[in-house]
Amino acid sequence: MTSKANIPWEDRPDGCTDVMWRYSKNPVIGRYDIPTSNSIFNSAVVPFGDGFAGVFRCDNKSVQMNIFAGFSKDGIHWKINHEPIEMVEGNTEMIDSDYKYDPRVCFIEDRYWLTWCNGYHGPTIGIAYTFDFKTFYQCENAFLPFNRNGVLFSEKINGKYAMLSRPSDNGHTPFGDIYISYSPDMKYWGEHRCVMKVADFTKSAWQCTKIGAGSVPIRTKEGWLLFYHGVINTCNGFRYSMGAALLDLKNPNQVLYRSQPYLLAPAASYELTGDVPNVVFPCAALKEGNKLAVYYGAADTVVGMSFAYVDEIIDFLKKNSL
Amino acid sequence: MTSKANIPWEDRPDGCTDVMWRYSKNPVIGRYDIPTSNSIFNSAVVPFGDGFAGVFRCDNKSVQMNIFAGFSKDGIHWKINHEPIEMVEGNTEMIDSDYKYDPRVCFIEDRYWLTWCNGYHGPTIGIAYTFDFKTFYQCENAFLPFNRNGVLFSEKINGKYAMLSRPSDNGHTPFGDIYISYSPDMKYWGEHRCVMKVADFTKSAWQCTKIGAGSVPIRTKEGWLLFYHGVINTCNGFRYSMGAALLDLKNPNQVLYRSQPYLLAPAASYELTGDVPNVVFPCAALKEGNKLAVYYGAADTVVGMSFAYVDEIIDFLKKNSL
Amino acid sequence: MTSKANIPWEDRPDGCTDVMWRYSKNPVIGRYDIPTSNSIFNSAVVPFGDGFAGVFRCDNKSVQMNIFAGFSKDGIHWKINHEPIEMVEGNTEMIDSDYKYDPRVCFIEDRYWLTWCNGYHGPTIGIAYTFDFKTFYQCENAFLPFNRNGVLFSEKINGKYAMLSRPSDNGHTPFGDIYISYSPDMKYWGEHRCVMKVADFTKSAWQCTKIGAGSVPIRTKEGWLLFYHGVINTCNGFRYSMGAALLDLKNPNQVLYRSQPYLLAPAASYELTGDVPNVVFPCAALKEGNKLAVYYGAADTVVGMSFAYVDEIIDFLKKNSL
Amino acid sequence: MTSKANIPWEDRPDGCTDVMWRYSKNPVIGRYDIPTSNSIFNSAVVPFGDGFAGVFRCDNKSVQMNIFAGFSKDGIHWKINHEPIEMVEGNTEMIDSDYKYDPRVCFIEDRYWLTWCNGYHGPTIGIAYTFDFKTFYQCENAFLPFNRNGVLFSEKINGKYAMLSRPSDNGHTPFGDIYISYSPDMKYWGEHRCVMKVADFTKSAWQCTKIGAGSVPIRTKEGWLLFYHGVINTCNGFRYSMGAALLDLKNPNQVLYRSQPYLLAPAASYELTGDVPNVVFPCAALKEGNKLAVYYGAADTVVGMSFAYVDEIIDFLKKNSL
Amino acid sequence: MTSKANIPWEDRPDGCTDVMWRYSKNPVIGRYDIPTSNSIFNSAVVPFGDGFAGVFRCDNKSVQMNIFAGFSKDGIHWKINHEPIEMVEGNTEMIDSDYKYDPRVCFIEDRYWLTWCNGYHGPTIGIAYTFDFKTFYQCENAFLPFNRNGVLFSEKINGKYAMLSRPSDNGHTPFGDIYISYSPDMKYWGEHRCVMKVADFTKSAWQCTKIGAGSVPIRTKEGWLLFYHGVINTCNGFRYSMGAALLDLKNPNQVLYRSQPYLLAPAASYELTGDVPNVVFPCAALKEGNKLAVYYGAADTVVGMSFAYVDEIIDFLKKNSL
Amino acid sequence: MTSKANIPWEDRPDGCTDVMWRYSKNPVIGRYDIPTSNSIFNSAVVPFGDGFAGVFRCDNKSVQMNIFAGFSKDGIHWKINHEPIEMVEGNTEMIDSDYKYDPRVCFIEDRYWLTWCNGYHGPTIGIAYTFDFKTFYQCENAFLPFNRNGVLFSEKINGKYAMLSRPSDNGHTPFGDIYISYSPDMKYWGEHRCVMKVADFTKSAWQCTKIGAGSVPIRTKEGWLLFYHGVINTCNGFRYSMGAALLDLKNPNQVLYRSQPYLLAPAASYELTGDVPNVVFPCAALKEGNKLAVYYGAADTVVGMSFAYVDEIIDFLKKNSL
């Protein structure tokens, strides 16, 4: 899970006082970066070998949603496969998959686990694992439809796998809270608990319509650090921003702190315009010492990066908790 | 699970050619049959001791939804407890339950399993077991919200518990198909499969908006006999009718036959008017030899019964399958 | 087109001062009057031979919508075929018909023309003709979808066939006005004009949501007498009532008078409850001298009749015109 | 304000344990009780002279909404004027009134004040006064649109007139809470406060969608007794029930007790079916000693009555307060 | 109310023939111009001392809406307080205020009156006054919820305060007309009249969905000059543009002229993209001789300015009146 | 119909591998290119004389929709009339036209036929012809409302005029398929057939909500080449892209090939922002030898152009057919 490579990094710009800042060369992945793509966004990255590997949501020009493996030395310049991932049997007889999107990748013990929004009579959470980002073993879907934004923890909690997810409906779901579920075996899931709900409009309107887990939670001394998205329903549609929360290490059902202000909200041109305007949607975070690099989908069109320091984020959460 | 008592029965009326017919003394349970009730409907009944036991949905006059145990010698005249069921811990640390409604009861091996629509940040499937209909042991919810109409099979399938359910949203869900899920232990669930979807409007409009499992499937030589509800969305609201399906004995993911015509649709006055007009909603079926007695909620207000012969129903399904 | 039989009739009840009154033995056709039917309603009747013929909307117990021929000596007691009408080619190579409902029948020159709501990628107006109510010759649909309530005039207007219709959408259309179109040949249609629009809520709320032509217009000295339905959208759904209008004989694009009050609105139990509560929906009218017998669907479930005098209706329209 | 006549009364039926019971001869006013009416409902009654006077909502057969004066010796048998109330100038230059419905009548000091839902570019609260129920002096509307269910207090509170109302929108408002406003002069209004909000679905679902003041509050030793309506949004539309609340005598902004269970909900046939099924809508209450007679609209079609004892109602509220 | 400073001004650009033109250095206030802000827009400005004072809508990074005082020498470069306005008691015991947004400021007689959209169980019109933009005295809300865009007149009309407002609902209101109300004392309001309604789609579609008062009306010889916003509902959301109207000096209930074409519609990049794309929303106007400077919110994100000449605007209204 | 002028053209940019590419100087017509215009888009162009003529949708600053004639030597630089087209009588007595938008122009035999979305109690298809783009003869509307995107074929098919259209509703229609209709005389229309329906979401999501004919079909050896628009409903509104289809030459009811990927989707800044963000809407195509120039409306604000080769497009369709 660790890599010999350093994570991507850029210092905070002069004069900037924000706890999180954008990469100056954003977007790092453009919409047409593979020949068939209409857009590349909402994608997952992990350390791998002497660099990084990732699973990328590439909608093609038929606007079919699928996920593609890719590799990078520095986490910024990527070589994404031109063919989508083909799965082989894991613990299931290969259920249907009408579409795949919004992947996350999580290293647990000996392998990389991939979760994504899997089209099985509607969106639900697909699961697969890989050792090499070449062969992917598809497992049973975690849940009944309708669900999105399934994100695994990188360690078992009390001996069980744990996954965050956001139950939804089969359309442009106008609601959404973050739940946790547990599994002894990555096949059967239970012990479902509600972890975080949308905020009150008067307290934190950017996350008052729906919220969903973003990056795989990062273990810190103070708790599991989760970057998540929050949505407000303006008169001209949904606006997606990024926040963070700290979950209890031993019992991640418990939220210790949660950002009342957002960390990053759509303001750059590549976030304000695109296939879906006004979207910042985190799907992965890399940590190296005190440094954090967060990958996020922008405007459902491209991939951007932002940076932060772990201690500053945690300090910010403590001082600005909802 | 078997009872010394005969199931309720009334022969087909003269001149009636329908495969299912109403009890002439419907409704068998009135809306005010316990002192606090506003309505009693969508309730489950099983053979018990020398008679029958049941779990009843009684909405009180605050229109709070809860479930109550009740007992009967003949399955028609019921003594329903005046206090709702109080649960004790089964395999969970007692999760919240904002409301409980639409119970089903299923005897498996050594105990009666109760499933119902459980209010946990929205509707999902609650599970409990009892040996005596006095003490009920509440277990983990089967699924994440939002779900309704969870119905267990009375035998393990390939060594696992099996449950039908209908994923939904958190309102007056305008869609709904029947899925099956499996569990090794009644705590963790997986292997979710879509079993039956709504019908095409032009083929069978009464079940074109949503469908949901009704009674606990009855083992017959030809397959699992399931009574289910189907809904059409008229310009004046939802209309709920009853159909039946035959699922494969060894692999109930497989539908063998399914009624294109309904078996029973709202036509009697107690089905046409009430708190929710035009509802026939089956929740339980008793079988004795070739006889079937089906309990159904009528107009979300009272409980009615209907009768049929097993062989006629199966024959009907074969000849009128969708 | 004329019949040797008298039209059905019942005098105005004592004490009744309404311009239109119900038949005391309503409904004249019950929901189960043929073996397969779930409901029989919104049906058309004309004089035929020494009695009457009709085309009936019978939804079967799969709630498939289709139209059936039927015959009667007295216009009240009907023998409806148990099999739906099978069409043969008229002026088209037999387009698809996913469903057929809400028929009207109109005698023009030498044959009976049948119009109905025809399912061709959504509702539109189907056309057929018959000489004997045994063989029906299907023609091209009059219009593109989406349309309902196509009603022909019994004479050509300025040498062309004329049809009223109500453009709609593909759901529970919440709007609808009455238009007229003309055709030289029953195949190509044009010269579309808006004839009557919904009324202002403050003037005549029962017809403020949508209106649609009902019976084939009846030639009177003062104009074409049309019975139509009007709809108000209450907080509990649509309520359909019956009104009348008088159109100019030479230029039926012109409305001479139109009822501000309804003539008949849901008030009888068979109109208030049924598959769709609160529906009175006229589809045919018979005239004999000064007498009128109107057939209407009630609650989308059964057929009712009402009676009136031509001169009183016209007088009423003149005095109560919108 | 007091009358020489006794209020209508009927003892609680044998075996009935409800705190409120229906009049056995309901409905007391039928839908066609004046020649032009389609329906008579949601109407107000007060003691007057040696009997009672009232203002009645009579929708005519054009379904135009208007209010009519009426008189009765016994409060049960009514003689309603055949012509609607014509207003003369009170404190305004006679603003428009597109429609008038849902009247309430309140005697204050020297005259009867009439409030109603007044159509002025949408629904708002109209105000008028009369001394004799013959001449009515129309005043300025109390509020900007959109508002419904304006109900006055029968005494000034701290020297000012006080009115309950329910801000709404211009359609079938799916929300609604009860507010209070004050006026020094019945012309200018202010000091608006929220008094009662809808209940939580899990606590009292019959009043979880909207609530609105019903009858003029009755002064009791323990507080102002208000009968109000509550609404639940079922999958087949709104269902209106009746509850009660006790407001503080000196500061009616303050709710002392409020019924968690309803007092009366649609269950009689004339409440379950009609122009709008499932409506019980109180608009007036008479008190004589410990007796209460409540007038309510049923199914937006007719007027019903129910009875109760003051002390029992108050006791019930104390024991069953939300 | 007058200031020693000149109002901001920039001449019409060469080649421009529009009656209103943008400031070339727009936006004059950026989204992050105070440390906590997510956006600064829809703000009010008045002459004050030897410069200008203003009240600014600054949504913070929790997207909480609040209003902040600010000061400027030239009306373009602003120093906005970093803390929101804290109110003290005016004529009320300090009602709740869940949020505050969209302020307007109006000098009347001896003080500056502030109106804004005040969150009190939904949006309504808050009122406060100040002498120095340091201490603000909060008064009773003018109206019951739901209301937005309350704008005072700078003089009493016939001895009473007058306010324009736009009754609305509690969401993204899809309707809205401009009303006027009067008060003897800034506490009780009445004499509500509809002043301007949305335009017909075929006449002036940019203002066919809703309209609302913008700036405090400016007294001119020909009438009260009001800048207002109009909204069209496109398939991709609401688009807000600016128009103007001239109201009668003595009876501002009366519209003399009203712009059929808009004066300014979203076309600059800072109007087309931002938190809510396609918004031009005027909230204040300064007049000096024949010059006008209008402040408007752009894209719910920043503040822009536009300029015009009084006589040209009036001439334009006369020639292009709806 | 042919012109002495060459069609506009620009070679494929270096490195571009797309089958269709944008003109580098887009937009070719700006939003303010005539004095009164708010926007100019969705416009039609044909060869004419020694250059080109066109009919342009220019919404004025009142946002009234109308169509204007224009002329160009090179197809890129246009002189558009400042006054909208005034029609004279063709084959109708001049029906109402509340608005006119989205024109197409088609030369057949001896004249230019103009079709457009004509406001007659809602949108429908208007028809006119001209010989010189000065005098336009208005004919009967082709269809009843509601319809949009009427596009003629440039030759009679089996002796009849043929028109594609998209039946719709009277709002922001969330559905839409392409139909064909035939007419012997441009006055009466019939033989309506469904030609192309929206694609399945999983197959081609960019065209899964609605589709509509764009340019007049171009005769090629392999079939009629049609450029059309497809729409996906994102959570932030509709996104319009361009595709192509090849219809059978003799029987254009038959689709031979249809693009699964889009040819052009919103990605340039003038397509991503404007009055309606994210719109590419083709309305005309010019062919010269193997070259194609397509005119399309961008963001409902301006006109853009794109280029392609006929043989490449056909090859692309064959290889990428849905």
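Just so it is clear, A, B, C, D, E and F label the chains in written order, and each chain counts residues from 1 on its own.
Quick note on the criterion: a contact is a pair of C-beta atoms (placed from the backbone, for glycine too) under 8 Å apart; a residue touches a chain by one contact, two chains touch by 3 or more.
Just so we're on the same page, UniProt names per chain: A, B, C, D, E, F = Glycosidase.
These figures come from a predicted structure and were not determined experimentally.
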item: Touching both chain A (Glycosidase) and chain D (Glycosidase) (chains); value: B, E
item: Which listed pair, D-E, A-F or B-C, duplicates the contacts of A-B in over half of its pairs; value: D-E
item: Reference chain F (Glycosidase); chain at largest CA-centroid distance; value: D
item: Whole-Å gap between the CA centroids of chain B (Glycosidase) and chain D (Glycosidase); value: 41
item: Chain D (Glycosidase) and chain F (Glycosidase): spacing of chain centres that average the CA atoms, whole Å; value: 58
item: Chain C (Glycosidase) residues counted as touching two or more neighbouring chains; value: 236-237, 273, 277-278
item: Those chain pairs that satisfy the touch definition; value: A-B, A-E, A-F, B-C, B-D, C-D, C-F, D-E, E-F
item: Residue numbers on chain E (Glycosidase) that touch chain F (Glycosidase), as the complex places them; value: 17, 201-206, 232-237, 239, 260-262, 265-267, 269, 272-273, 277-278, 320
item: Chain D (Glycosidase)-touching residues of chain E (Glycosidase), taken from the complex the two chains share; value: 92, 95, 120-122, 124, 140-147, 165, 167, 169-170, 175, 177, 179, 181-185, 187-194, 197
item: Partner chain B (Glycosidase), residues of chain C (Glycosidase) touching it in the complex; value: 31, 35, 38, 59-65, 98-99, 119, 172, 236-238, 273-278, 300
